[in-house]
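Some structures are shown below for you to check.
Okay, so subunit A shows up in both of these, paired with subunit B first and subunit C after.
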Partner chain A sequence: MDKKEYNDLVTSKSKNPNILEDAFISFLAGGVLGAFYEILTCWYIEMFNLTDQIALGWSCLTFIAIAVILTGFAVFDDIVAKFKFGVIIPITGFAHSVASALIDYRRDGFITGLGANMFKLAGSVILFGSVSAFLFAIVKVIIYG
Partner chain B sequence: MRIFTSFMAVGLICMIASLIYDTTKFTPGHITSLFVVIGGLLGIFGFYDVLMDKFGYGLGLPITSFGNSLVKSAYEGFQECGFFGLFRGMYVSTSAGISGAIILSFITALIAKPKD
Partner chain C sequence: MASFKFKNVYLGDTSTISGVNEKINTKFSISDYFDGEKTSEDAEVKMQKIVLKDISKKNKIDVMLSADLSNQTGISNKAASEFPNSHLGLYSACASFAEGLIVAGSLIGSAQNVQNACVTVSSHNLSAERTFRYPIEYGSPRRVTQNFTATGAAAAIVTKDPTNIKIESCTIGKVTDYGIKDANNMGAIMAPSAARTIIEHLNDTKRSANYYDLILTGDLGTLGSELMMTLLEKNDITLKNHIDAGAELIVDKKLTDQGASGPVCLPLYFIEKVLKEKKYKRILIVGTGALQNQTLVNQKNTLPSVSHAVSIEVI
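Let's look at the complex of A and B:
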């Protein structure tokens, strides 16, 4: 087997060929979560008389709490395997990555385990989010003053 | 109605992510980072907030809104106390999510048993 054949074999095995099915499942799962988020935020606003920014924050925390608890019960990995990007792209994916890193590295101790690995997966989101946000905010300042 | 538009909007974002994953060599880490940057890009001209007004609060859920909030808060910080405000204000509206994820995850990690 030469190199090209090998590469073809690897790509054919490593990626799921059901592109449309994956996309549809992600669409459904993400959509359902989005609809729930809308309902929950409206409910917070009406029930507790909150401004929409505060209500959005509470909804965000609620979803994070659910994702973290499900990760704690080791259920969330199965959910991710099933619904893929429908749960990775929402904030639940961020919470899951922090929680699973903490749970997995617990055995390495508090400092070298928990502390050092907390942002192992979520770190890239925070890093590139911050750096790009800094640049974009400067652009916004230049444009709007 | 806004429930339906939220459904469509968030669903579409997740679908795009899935399509990118299946057709390129990007890992989920690449894609979430990419989406945060895209959210920030849409935040420059306040476009993301317009979308959110139109399609509902559901758009606060995808990671794109994280990037948008970062840019928005950094800009608000700038208006409040100049260049220093860019640093001071950046995490104002996202800190609830970050600290919530850290604290809840820590408590969970103390209780939960790691998989073998």
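Let's look at the complex of A and C:
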């Protein structure tokens, strides 16, 4: 069997048989999370008389705090196992990646461990997030002036 | 010449330790991933020390050979520093136990004053995750093709003193690269080299696959085993007596669909299950190792693998 034939065989055998199911679960979980986010924001606006912008920030911080605490208590992994990428793609996944790197490298020193590895996964999100925000802002300026 | 026979080389005492997810009864066990230590690396060093201490109580060790998955085999070196024996560090990923038996057997055969050699291998799920994958706590969903690194350590004495387990011959594998780039599909990386080594061993020794009561591969997993069978069938070899140690070691579907991986899979299953069952007389153990290097993986290189085979006779 030559390499190409073997690679084709491997590709055909390595497919996730539940890909549609997983995608559906992620879609639902992500949607539910988004709905909660909206409810929370509305609640903040009502309760504390905040503006939209500030309330959104507060909800964001709440979600980050919850994700970090759940990561610390090793519950987040089980949630991911159930709800797949529905909880990884939103801000909760970002918070989880930072918190898990911090837990992981806590014994490796402040500079070489915590400092160097805190954004091991999150760093690319920050970098490419900023770059794409900049590009979209330019597009917006060009179109809407 | 890839295959050769050993003269008067036997497998002596063994000692094993395993973690919580491995479905096997070992001599020692650890209660959790850390077992009172601060880091998973320390816990792995501790496991190696436990099996080495246990085995050196009853045996005089002339040379130690040990292997693990950490960078620069740091864990083996750390554990070896606590013992007064000469030490050789080995690495061929998950094929290390088979490599250890081959090197130890050759040492005993050639050096007059080497009576006993001790082969030690260990792996730890969290240390391996940290070496090869994400931060360990990062709970990204596991792929269907992904293995789960086993936690444990195993030590075995290879000796000149006759015992009832004879190390009969071996085949040193060739590094095989079939162009797989996905580091999360280790079964697919290792299957070609496993098939190649088995074919070469059978050709060199002029035996058929039925000569062996059991062909035990290391950690191909369910997909890897299937691929190896396909490759062997293309060469007109059908294995009826094949077991994959990794696929048998961790059967928890929540953890992995494929089974366990890591150098410790093969010795754990071989020592604690195959030898204890006393069902098989002629056994071919095939250590299968995916030779990944994180830098090369990130640079999108294809991943090579190596498999070594050792033929064992229970007298």
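Quick note on the criterion: the second predicted complex is superposed on the first by the 125 of 145 C-alpha atoms of A that agree within 3 Å, B and C clash if a C-alpha of one lies under 4 Å from a C-alpha of the other, contacts with A are read in each partner's own complex, and residues count from 1 in each chain.
In this section, a contact is a pair of C-beta atoms (placed from the backbone, for glycine too) under 8 Å apart; a residue touches a chain by one contact, two chains touch by 3 or more.
Predicted, not measured: the structure shown is a model, and the values here were computed from it.
Once the two complexes are laid over each other on the shared chain, residue contacts for A:L9 go to subunit C alone; subunit B is not touched.
Of the two partner chains placed by the overlay, subunit B and subunit C both lie in contact with A:L121. Within the superposed three-chain model, A:R107 lies in touch with subunit B and with subunit C [touch as defined at top]. When the two structures are aligned on the shared chain, A:T71 is found in touch with subunit B and with subunit C.
By the document's definition of touching, both partners, subunit B and subunit C, reach A:I88.
Here subunit B and subunit C are compared by how many residues of subunit A each touches, and B touches more. Across the superposed pair, subunit B and subunit C both touch subunit A at residues 15-16, 22, 71, 74, 84-85, 88, 99, 103-104, 107, 121.
Interface of subunit C with subunit A (complex): residues 38-39, 130, 134-141, 143-145, 178-180, 182, 185, 188, 192, 223, 226-227, 230-231, 234, 254. Against subunit C, the residues of subunit A that register as touching in their complex are 1, 3-4, 6-7, 9-10, 13-17, 22, 71, 74, 76-81, 84-85, 88, 96-97, 99-101, 103-105, 107, 117, 120-121.
Contacts from subunit A toward subunit B in the complex involve residues 15-16, 19, 22-35, 37-39, 41-42, 52-53, 55-57, 59-61, 63-65, 68-69, 71-74, 84-86, 88-91, 93-95, 98-99, 102-104, 106-107, 114, 118, 121-122, 124-130, 132-134, 136-141, 143-144. Residues 2-4, 6-15, 17-19, 21-23, 28-29, 31-33, 35-37, 40-41, 43-45, 56-63, 65-67, 70-71, 74-75, 78, 86, 90, 93, 96-98, 100-102, 104-106, 108-112, 114-115 of subunit B are the ones that touch subunit A when the two sit in their complex.
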